[in-house]
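Chain nomenclature is as follows: A, B, C and D, assigned in order of appearance, with residue numbering initiated at 1 for each chain independently.
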Amino acid sequence: MSLRLQARQLACERDDRWLFDGLDVMLESGEILRVEGPNGSGKTTLLKILSGQLDDYDGALEFNGQPLRACRDTFLANLLYLGHAPGVKAGLTPLENLAWYQALGGEAPDEAACERALNDAGLAGFEDTPAGRLSAGQNRRVALARLTLTPRALWVLDEPFTALDREGVAMLERRLSHHAKAGGSVIITTHHALGGLQRVRRLRLGEALA
Amino acid sequence: MWAIVHKFGSPQWFYRLSCRLEPWCWVLAALSLGAGGVWGLALAPADYQQGESFRIIYVHVPAALLAQSVFIAMALASLVFMVWKIKVADMAAAVMAPFGAAMTFTALFSGAVWGVPTWGTWWVWDARLTSMLILLFLYLGVIALRGAFSSRQSGARAASVLAMVGVINIPIIKYSVEWWYTLHQSATFSLTERPAMPASMWLPLLIMVVGFYSFFAALTLLRVRSEILRREGDKRWVRALKEIPS
Amino acid sequence: MSAFDSLSAFFAMGGHGVYVWSAWGVTAALLSLCFFQARLERRALLKALSRRARRERARAETPSTPMPTEESDDA
Amino acid sequence: MSASDGGALRPPPHGAGRAFIATLSRGLRLAFRRRGEALNPLVFYALVITLFPIGISPDPALLAVIAPGLLWVAALLAALLSLDTLFRGDFEDGSLEQLILAPQPLWTQTLAKVCVHWLMTGLPLALSAPLLATLLALPAGSYAVLTLSLVLGSATLSLVGAIGAALTVGLARGGVLTSLLILPLYIPVLVFGTGAVEAAIAGQSALPYLAILGALLALSLMLAPWAIAASLRISLNG
């Protein structure tokens, strides 16, 4: 059951200027697509379109051959989107945050799985401290714990390396290559050199228009 | 069906259509407003009870009717924009809102002024005037929301949602205000009950209503064309328009 | 045929003149305000489009020639 | 299958009920963690009520006349002020984005958010109204109807108010704009809410007014969650 996300002649206008025009994107199982470009070239907007959040764009967007609008539920069930903000409530503990995400995915509550995911993300011992008292890097790790807690075929990650220390970066790179080898696919924007990963295709934005 | 909807919705098609329609609307508006004005002001008989101040009706009633029809038209345009993503519909909705607010204010002002000789005070919480005041707040809300967003697209879509939510509430607000007014029925004369008007009175009123509505149509066509020039300025067909002075 | 016997009676409106004329005056003022605003808006947009067209034409003609020929800048 | 389990496609889940309860309990837990903040609407309500005897006159006879309307308007304003807490926090820390991307029908999530807001502001206001009514010398016999009308009405206020909150969540200074959008839509609830209390004072049956309040609630329960979902999508893409 492979995964195929295809966008044809994608164009998006933001405040009367064309961020990108006539863009073709193809993502297959096992591939990592890295979106690059200077600030303001529309990287986040492209990620929001490809993750089905934005729908005022021109062009066609298909998931496994079906227009995204038609199979939105299936698409969302297989998508894991991490935006600039980690999406972790400061008032809740990491465990409670993860339990909510588990329920959001429709899965039964499983505290043991949450603890394992936190442990794998390097947050052993911080399961019950409110996220408000954790550092930005640790909050990012709570968000990254979702990658293993709720496995999804398509990862769309917007600057996931922000605030991560060296081990965090290494841990995330390991997860990316493992996910690609296991047949999943990733769309990622980062200013990090993804040295250790193979099969990384690049998509330049903000140049085609110059 | 899809192709047709988009063909009719295309700015270029609409621009050509309104070029032909607009002059006729202006002519109709000028004629009926002129004739209706003269008839209502000078020829129609005064009301035996209220005297000459009754002539304000020829301005108050058309403005009040138009104020509500514009809101409904705006909500319909917003619905067309949200469902079929037709940009021209959003331009129409954006253009109608200020005119609707102006008509609501006219109705409020003329109603209040009419109240002075009949009730002796500027403002009376009459059911229809109160509904009209709330309608003005709804208009201001839609206009303010459309302008509050940095990007025009989301401002348009937010204003569309509010216009549709607003239009559902207009009858509810009207009903509840009518009911509220009858509960606090003060002894003063209210605009709602009036003896049926003889033909010599409602005919000029009808002409004035036709005048107001054709004015609204002509103004909307003109201002939507301007919106098209503003938003589609970089399109080839706009640059090729002969109206642009070279 | 007219409801008034003289012009002065017409303006006096049986004592209600100030109300009738203020109501009609505000209505006429608002309608003409909307009308002229629309006309001015359209003229301003057309002028902006013509300026942009002229600037693009000027830019299209000058890349090769070092001395750009002076475009006759009409109103 | 282990080689490609990463790529295995999952069918859309049908745990909407579980997601609803999860968002509801999350909201309540968060609110209880900041209990101090949850009292703000109540303190505001009491404060506004005490202003009027000072501002107008302490004469109980006069206060009794304006009591129903005043109790209702103050409750309405207190609810309006607390609308900001509905989506603002989630918007800032990114969980609102995740809420919209959850594979659940979005209107169930927005309904859960509105229930949290109602449980934390609407209900407490309604339950504290009788206490404040005594301050305003509200005639006896109308306290039960006052509370019941506020319970019913505040639910509609939360639902309709959430639409405005969703429309302006992306704006930096959206507070004033929200009230400009929402107050006109609150007027029917205010009319029939005060009508119910006045009917009770006059000794008539308040049932017809409560029935209309119930109808307004049913209508907004049917339309609002969907409208809130649409407004959230617009605000987030703005």
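General observations
Note that in this section contacts are C-beta pairs under 8 Å (C-beta built on N, C-alpha and C of every residue); 3 or more make two chains touch, one makes a residue touch a chain.
Everything numeric here is computed off the predicted structure, so don't read it as measured data.
The chain pair with the larger count of C-beta pairs in contact, out of A-D and B-C, is A-D. Of all chains shown, the one whose average CA position lies nearest the global CA mean is D. With centres taken as mean Cα positions, chain D sits 34 Å from chain A. With centres set at the average Cα position, the gap from chain B to chain C is 20 Å. Distance between chain centres (mean CA atoms), chain A to chain C: 53 Å. With centres taken as mean Cα positions, chain B sits 48 Å from chain A. Within chain D, contacts with two or more other chains are made by residues 237.
Touching two or more other chains at once are residues 150-151, 153, 157 of chain B.
Within chain A, contacts with two or more other chains are made by residues 56.
Chain pairs that touch, as defined above: A-B, A-D, B-C, B-D. Within the complex, the chain A residues that touch chain B are 13-16, 56. Remark: chain D residues 2-16, 18-19, 21-23, 26, 29-30, 33-34, 89-90, 92-95, 97-104, 233, 236-237 touch chain A in the complex. The touching residues of chain C, when paired with chain B in their complex, are 1-4, 10, 13-17, 19-20, 22-24, 26-27, 30-31, 33-35, 38-39, 41-42, 45-50, 52-54, 74. On the chain A side of its complex with chain D, the touching residues are 1-3, 29-30, 48, 51-56, 64, 73-74, 76-79, 81, 83-92, 96, 99-101, 103-108, 130, 151-153, 178-185. Residue ranges of chain B in contact with chain D, taken from their complex: 134, 137-138, 140-141, 144-145, 148-151, 153-155, 157-158, 161-162, 165-166, 168-169, 172-173, 175-177, 179-180, 183.
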